[in-house]
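For reference, chains read A, B and C in written order, and residue numbers begin at 1 within each chain.
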């Protein structure tokens, strides 16, 4: 009896222990791995910011210095002085203005057209719909370079080379199939009854779209907005080809301009990293502000896809 | 008034608005015509709403791809009218020669006929063979691009699956980890490629960190960017760093979507962790993995920025996308560039088709084909 | 909603039209590859011109990165600057019909000014000519000369090179000066250096060979004269008895090695700053002559300013071209004009070249430019990748004559296109 109870008590106390310890070791390993991942993500990123604050002498010291001493935030101003020494019109505000102009127009066009097209693909039955939708998805596979040469010739014919046109208004033709795809997934998840009630009340398509659908798809529009902002802000291939006057460049091409001209012989990493950080900053801010809706938004497509 | 600066924005803005109005007008006309022809309201509305895409598709895809095909049969230098040359561009690209090596020491250039340069050399014992081509840059670049895809796509999927599984372990502050891990994908690729070029440069962070190892091993610090055998590593690291976090966040959503009952049922059957992973997690996650595989393969074949910011040694080639761009806009060989672009298009189509064909064997769709 | 949009559109169009209609002095833009310092010096010249001329103002738009690709897209797209700098190789674009022919607008130029085409060295002007028309005004023609470090000659007790010296003298001196000065068993001082520069054409031309015939129909690189010159050229590159290996050069830097005092003789452009190293006594002399022909022809690196064929203001552009060319010819050395081939003009442009001015002016009389024709870039690419490159880098076991016979066919194919 006593031994039995003792054994029973033993087992009561002993039994959870190994599994709990195993559980704890497991937790520790998981967090250690997560921290390792965080280090992999963060160290290069911090190195970029750190370099952007260094003097030229600090760049090539043998000792690795993560926190620059002294720190020179003036690099962020001087890099533009350097650019202006080549072309006085390449001011920070001009280049930023170019980038924003391209980004905002293209982003607006993409959101507007993609949501209309996705609405058409998801809510209305017509012959050939599935075929056309599949065709649209298939265009993802077309490498941009195939359309570059003829595209260049078309814009030349239109006399619109070295303008912002090739980078902006084609977005009104829903040039991002992935956005249409994401939006369509979202539309499909909205119950039809909502519209049917509105149709009963005599609303037309435009009214339903503007007053009912847009408010409902706001979260995904935000996610697509972030994606589109990021893609256009970072766009390099288009501006590189279509713009040839340095003062019309957006940030991405201005960065290459700096790399190819002022930094060709002896790379001025502190300036380049300052410019890279400046380019990354607005996107990061938007990303952090909208992260919740953004991460959920992009997941809709991935899970249902 | 500084109209000089605004002068570059306003005309574009005006044309932007004009195009917007133009599309609206076309949509309106298309709707009226359809209704006039007796098409039902629903179908007419649907077709009208997709008009913006359809017009864009016809102009920006069908027309340009067609023109590209035409140009690929011409010689065209942008200044003089295109000249029809039939299959010349393609036959020049596919002009390959395989020559045997008499000894392992024999030079590739002596083994190959004149005009052919080495693409790949294979030494077997005291001999072997060498493959040469007249357009050796194209084949070298194709090799680099494919190698890059073959390395980064599976590695990227494995890494992101691993991280996704980690994050799925009921960790605290999940939101924080997700935001952090996704961050590299948000950063401008131009900024990150420059960052990695800096880290990998001769006196960069990496060689600085590894300096004690080099000293211990008694080797000189490698020059990652100029050594033909090492430069691919730089691109693989750049690519993995950029995508593993983002893909893992997407895969995590897939993991979260797996019904808990499936795991409970597996528990009842006495399945261990590995069996659960193999029989529940992987099949349920396969659609997400498939999506990931398709998009990352297509993306890997189209690297552009990385090649624009890092000079790759000639013997390695460069990324196809950049090579074609140079051929077109630096050397003004529009015809040859179009031919190369078409080969690339067909290659991507073939690879995607292959992935799709294989998908029926491994991708598991729950309640398959109930969606449209 | 639509009405608002319409009004907005009209408003924008009106603004644009009005702003375009406003009368402003014509702006003539010039694009160059100039970096920061060069651009600053050029700006001074442009400011002086702008203060004098009426009717137009010149604006400099430097494109120091991706220069030629950008220029090509601009020319193809009908956009871009009114004037461009192009170097000799880029001048091949003259045959494409995108540059403005200048013969007519230069016809009334005063003699011995930048607009007087007869004042240019004919060989340099030829780079800018195509089918009887002139497409660019050269602003520099830099002959290759030989720089020698007197200290190294003195230490080894070797006499300095003298006018009339030949390949044999050059070779003998160079080998004698190639030494292991600190006696550690490794050569640390070389008589000469060659890593693909200087161009082989110097020796080929001196021996009487031609890379491209005068009528652009043949490419007789298998002629005995060409082969003789090219073989001598190869014997000066990576020759352990004369010049450093490729590895040493890539480690220590090509021009830097001369400045560091480990190279005795160096062939460089006349405008190079190799004779301006602190504490170094450097002499300049013409390149050595072929021992049989006695010819001392040398290579001329040259560049021109051209006018965009799409310029909206051809008259002003042409005038600006002449003005700016005149200014640059008083700044860059060596001026490609015969009337300016004087020691005085050279010293005025670049006082730091005074000690060697005579040698440079003498070399200018013997310089020769590359035979640039429309398809030159393809000829050049073939010549390098199939002939020059493999021989220089020792990638072939064929002799110069054997390879030349094979490659000639390919080269002539580029001529017939």
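The working rule: a residue touches a chain if its C-beta (ideal position, glycine included) is under 8 Å from a C-beta of that chain, and two chains touch if they have at least 3 such contacts.
Nothing here was measured: the structure is a model prediction, and the numbers come from that model.
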Requested in this report: Compare the CA centroid of chain C with every other chain's and tell me the farthest one.
Outcome: A
Query raised in the report: What chain sits nearest the middle when you go by CA atom centres?
Result: B
Report summary line: Contact tally winner between A-B and B-C is A-B
Report summary line: Distance in whole angstrom between the CA centres of chain A and chain C is 45
Query raised in the report: Between chain A and chain B, what is the gap in Å from one C-alpha centre to the other?
Result: 16
Query raised in the report: Could you state the distance in Å from the CA-based centre of chain B to that of chain C?
Result: 40
Query - Sites on chain A at which at least two other chains make contact - result: 152, 241, 256, 259
Query raised in the report: So which bits of chain C are touching at least two other chains?
Result: 73, 76
Query raised in the report: Going by the touch rule set out above, which residues of chain B reach two or more other chains?
Result: 11, 13, 20, 329
Query - Complex contacts: residues of chain A adjacent to chain C - result: 82, 85-87, 152, 155-156, 159, 161-162, 241, 244-246, 256-262, 264
Report summary line: So, in the complex, the side of chain C touching chain A is made of residues 35-36, 39-40, 61-66, 70, 73-74, 76-80
Query raised in the report: Tell me, which parts of chain B touch chain A in their complex?
Result: 5, 8-9, 11-13, 15-16, 19-20, 23, 42-50, 52-57, 59-61, 63-65, 67-68, 71, 163, 166-167, 169, 171, 175, 177-184, 186-192, 194-196, 198-199, 201, 203, 205, 208-209, 211, 241, 245, 249-251, 253-254, 257, 287-288, 291, 295, 298, 301-302, 304-305, 308-309, 320-321, 324-325, 328-329, 334, 337-338, 341-342, 344-345, 348-349, 352, 372
Requested in this report: Show which residues of chain A lie in contact with chain B when the two form their complex.
Outcome: 30-31, 33-34, 37-38, 40-42, 44-45, 47-48, 51, 59-60, 62, 64, 94, 97, 101, 105, 109, 113, 116-117, 119-121, 123-127, 129-130, 132, 135-136, 139-154, 163-165, 168-170, 172-175, 180, 205, 230, 233-234, 236-237, 240-241, 248, 252, 255-256, 259, 267, 269, 272-273, 276-277, 279-280, 283-284, 287-288, 291-292, 295, 298-299, 302-303, 305
Report task. Please give the residue numbers of chain C that touch chain B in the complex, ascending. Result -> 2, 5-6, 8-9, 12-13, 15-16, 19, 68-69, 72-73, 75-76, 93, 96-98, 377, 385-386, 390, 395-398, 403, 406-407, 410
